[in-house]
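Presented below are the structures under discussion, each in the form of structure tokens.
Two complexes, one shared chain (chain A), two partners (chain B, chain C).
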Partner chain A sequence: MRRLQWGYLLLAFAFIYLPVASLVLFSFKDGSLPLPPFEGPTLRWYGEVLGDRRLMAALGHSLMVAVGSSLTACVLGFLAAYGLARHVLPGSLWLRGLLIAPMTVSYLIVGLGLLIVFNQLGIGLSLWAAGIGHVVINLPLCFAIIYASMGAQQQNIERAARDLGAGEARVITLVTVPMLAPAILAAFFLAMTLSWDEFVIAFLLTRFEVTLPVEIWSLLRSGLSSKTNAIGSIVFLGSAAIVLLLELFIFGRRRP
Partner chain B sequence: MAISNTLRGWGFVTPALFWTLAFFVAPFAIMVAMSLATLEGRELIWGLDLANYRRLFGQSFLSGAIIVSLQITLTVTLISILLAYPLAWIIAFRVPPRWQRLVLLLAILPFWTSYVVRSYSWLLVLSREGIVNNALMSLGVIAEPLQMASTRFATVTGFVHFFVMLLTLTIFANLVQLSPNYRRAATDLGASGWQAFRHVILPLTLPGIMVGAFLTFVLCIGDYITPQILGGNNELTVPQVIMVQLGRRGDFPLAAALSIVLMGLVTLAYLASARWLRLDRV
Partner chain C sequence: MTAPITIASLCHDFQDFRALHDIDLEIAAGEYIVLLGPSGCGKTTLLSILGGFIVPTQGAVKIGGRDMTGVAPAKRPTTTMFQDYALFPHMTLRDNVAFGLRMRGMARRERHARAERLLELVGLHGDAGKRPHELSGGQRQRVALARALAVEPDVLLLDEPLGALDLKLRRTMQDELKSLQREFGTTFIHVTHDQEEAMAIADRIVVMNRGRIEDVGPPTRVYQRPASLFAANFMGETNRLPATRGEHGLETPFGHLAPPQALIGDGPFTVCLRPEQIRSGTEGWALGSARVGDSAFFGTHFRCHLHCEDEAATTLIAHLPPEVQPQPGARLALSVDPAQLSVFAAEEVSS
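Moving on to the complex of A and B:
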């Protein structure tokens, strides 16, 4: 029975890593078709990716949109969480519901709604439009994570600071934010990874300057290629690095 | 004092509220209005016309897409639960506690790759000269390569891969919260291992299963990339049809109506699983 269970664990890992492993392995293949048999290894495709100006531009755009939209979502989410956790507001249950509502809607619908509005208003599509969309999908997440971490314990410390004469702005910047730093950072990095990988909103709302997933999408039209493997591997390793950093420095520290 | 407290509270909430209203609620309302408009030539005529919704059920390629989407989503949700539960179980109860976090982290690491890259990777595995066909042919299991890419099988495989990781996470989170005393109590009272699982552990982990299943349903039915890359154009899902309307035809009213139907399906799934979800607890 036990052996069966370890066998299942191995099989599950094989299934989970089979596509990723082929992606990374064939990105080193000396040949343009990323299919067996393997020849190489070579770093040629990584060189080509680094030399590809469109891909590098898209990478820059993705980083900008991811950092900008995650920062905005975190700031707005934090302020809303603070307002709702520390003040008595009428209908706060409804407000919370409204703020997390975008989480239950497909990205496609968020993107389509914004596309229709921008079209009707005659606003051109751009990275800004995609950034606005990414804030819409990340705000509920940042709000929920930060709100959940605002407990009574922190409130007592905030009260102490206030009794000692700190104004609200000082309480927030010197007490609340540092205390909630793990949750805020977790929200920020989660939003970063989601925005960094997001395709459909960016696809609908950008036109000339596009993000990396959209650029990769247009590469796919020309079929399988080792170069696509190389850029795909970079994207995967980038996301994996963020998640591992998050685990090591933020979640890992909470362990006793 | 109470008034100023409330006012200040509003001050903090307003920016987020404004963003949600301006960029989520308003676009959604306009989309609803758009779904009731009609297109004559390239001219958009606003109105309160249910014609787009009638087309959804009148034209077979539209109602077909809804059925295809539902079939794929339900298949994926079911298979993912069946595969993820044992995995979460083994990680929760067989892997030594020291290694648990690491094993779980590794088990869901590819979850964080973009849809585009993940679907593309499956294409490498499933294509005509891909890894699977290559392996099966060199083992002599098959003589001719199997057609796997551009089929529903490929779409389902790509989806299951993603959602097994998601469900493993939600079910694991649920399993480790259970006190081992429940199982001990059940076996002390004479239950066999299977009975203890069936009547005690499984009902207690239902919330974890349902949260994961609901997320699977929402994300799966709304995804455009996976069926587009892996399923090809043989049978279209609802998001694929929406994209076709937006692109080639510029038929925004029909795309809006399809999106509303998509949301309706998600709402139904929510109502079906609402007993176990505690979104209001957030």
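Moving on to the complex of A and C:
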């Protein structure tokens, strides 16, 4: 019975991690095709990736878009959540629904929609456009996470701060934001991982300067190569690092 | 610092529901006032109006002679101690207590010194660097008190401050609240639904019911001579006897009674007897004889159910002194001092 349980566990993890593990493994293969049999290991492909200026530029673009769009989405999401949680507004139920609804729309549709709008407005395709696209998909998420953390207890704490003489700006900066820091940081990092990995919107809305997933896709068009495995491993490492940081410093600390 | 409060013909509506009806109240500087009543009686609404969190529909609030009716909480000489304490979870106790002083622009060193003095005063010396989640309920309560007192308010508003504490701690905190209030001289307004707590700490109790004030006065007077049937019931256990107006006074199941107060209206009336007013003996107004049902010993008294041999077969609850030793089944002759009784116009009371 016990063996069966362990076997099941191994199978489940193999199912999840085998693709990633093989990607990472063949990035160390000494040979141009990332297929068995394994030869090597070598760091040659990593050297090529780090020496590839286009890839490195794309990595930089991806970071910029991820950080910028996540920050924007968090600020907007926080303001929306604060307004809706703390003030009685007409039709606030509808406002909340409208803010969260875009989560159900596929990225492809969001991307196409933005493409049409930008074309109509004469806004050129660029990293800015992709960044705006990522704000559109991440804002509902940031709003939902931050809104959920604003309970009645938190509201009373803000009332206490006002009662002790704090104006609205100081209530937000000294009490609300630090008090909700775990939720806000969680929203920020989650938005960052999503933006970091996002392909469809970035592909549709960028032209000359592209993000890393788009660059990888154009590499793949010229066929499989161990180099793509190396860059894929780097991307995976980035996402995994963010998730790990999130777990260690935010979710881990919440349990006293 | 301290200030008197004047509340003049105050009304408040929540949509269609009238939460406060025509409240008039004068509170002297340095008084300890307890607003007492069942949940939904409007006591917390009244406190929120005093704190500036609710603007009343009608009427005015003056604190220290100045009109404060529409003034924001931050600009009032009041601070509120919230029911759930509402401490800042991300700040140390020192920063919590010093927050109000920081808002007033006091330099860091000075405000930290003052915060630490206050923490010492409430018995949390040496804990200034801790955070609220490291404290017990009673300690959090003390921090909330220190934080509210740090800004030297004229009026401190306490919203069921002891509700979350166990009984023993509640008694200790009652004594501490009272002695702190004496020390600071600040006007305290304290909301509770616990009449024992009210009697233990109040200079004056304000009994409230359905948005109206039923009675205002010092604890002894409100307990012994309540102004209304509701106040009589809420302040402690009572025996209620139905009565009608007779030729020479009141007719009750125990016979004729010369009314202890001037009667208002034609009746019917309700006569209220506190359990401890019932004596075994025949002096004063005799209630005839009764059989002891069950009796329970409470240390200072026996609480007994007494089945009376009157026409209505009334059952009374009495607190008899321990030396009477009331055994179940025993017969006792009962009497009360008529001067201690209260008589009200009869009405339906849910106790």
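Everything that follows uses one rule, which is that the second predicted complex is superposed on the first by the 253 of 256 C-alpha atoms of A that agree within 3 Å, B and C clash if a C-alpha of one lies under 4 Å from a C-alpha of the other, contacts with A are read in each partner's own complex, and residues count from 1 in each chain.
In this section, a contact is a pair of C-beta atoms (placed from the backbone, for glycine too) under 8 Å apart; a residue touches a chain by one contact, two chains touch by 3 or more.
Values in this document were obtained by computation on a predicted structure and should not be read as measured data.
Enquirer: Superposed on chain A, are chain B and chain C clashing or fitting side by side?
Expert: With chain A as the common anchor, chain B and chain C both fit in the superposed model.
Enquirer: Figure out whether A:F236 sits in contact with chain B (first) or chain C (second), or with both, or with neither.
Expert: Only chain B is touched by A:F236; chain C is not.
Enquirer: I want to verify the contact counts: of chain B and chain C, which reaches more residues of chain A?
Expert: If we count touched residues of chain A for both partners, the winner is B.
Enquirer: For A:V117, decide between first (touching chain B), second (touching chain C), both and neither.
Expert: First partner only, chain B.
Enquirer: Now for A:G133: first (chain B), second (chain C), both, or neither, which partner does it touch?
Expert: First partner only, chain B.
Enquirer: Which partner does A:S32 contact after superposing on A: first (chain B), second (chain C), both, neither?
Expert: Neither partner.
Enquirer: Should A:S218 be classified as contacting the first partner (chain B), the second (chain C), both, or neither?
Expert: neither
Enquirer: Given the overlay on chain A, how many degrees, to the nearest 10, lie between chain B and chain C at the CA centre of chain A?
Expert: Spelled out: centre of chain A as vertex, angle of 100 degrees.
Enquirer: Looking at A:T173, would you say it contacts chain B, chain C, both, or neither? Reply first, second, both or neither.
Expert: neither
Enquirer: In the overlay, answer first, second, both or neither for which of chain B and chain C A:A160 touches.
Expert: second
Enquirer: To be precise, I mean the smallest distance between any C-alpha of chain B and any C-alpha of chain C in the superposed model; what is it in Å?
Expert: 7
Enquirer: Under the touch definition given earlier, write down the residues of chain B that touch chain A in their complex.
Expert: Residue positions touching the partner: 2, 5-6, 8-13, 15-17, 19-20, 23-28, 30-31, 34, 83, 86-87, 90-91, 94-95, 101, 105-107, 109-110, 112-118, 120-125, 127, 129-131, 134, 161, 164-165, 218-219, 221-225, 229, 239, 242, 246, 252, 255-256, 259, 262-263, 266, 270, 279-280, 282.
Enquirer: Going by the contact rule set out above, which residues of chain A touch chain C in the complex?
Expert: Against chain C, the touching part of chain A is residues 153, 156-157, 159-167, 170, 174-175, 178-179, 181, 256.
Enquirer: Could you list, by residue number, the parts of chain C that touch chain A in their complex?
Expert: Listed in rising order, the residues of chain C that touch chain A are 51-53, 72-74, 78-80, 82, 84, 86-90, 99-100, 103-104, 133, 147, 151.
Enquirer: Tell me, which parts of chain A touch chain B in their complex?
Expert: Listed in rising order, the residues are 2, 5-6, 8-9, 12-13, 15-20, 22-23, 26, 34-36, 75-77, 79-80, 82-84, 86-90, 93, 95-102, 104-110, 112-117, 119-120, 132-133, 135-136, 139, 143-144, 147-148, 168, 193, 196-200, 204, 213, 216-217, 220, 224, 228-229, 232, 235-236, 239-240, 242-244, 247, 252, 255.
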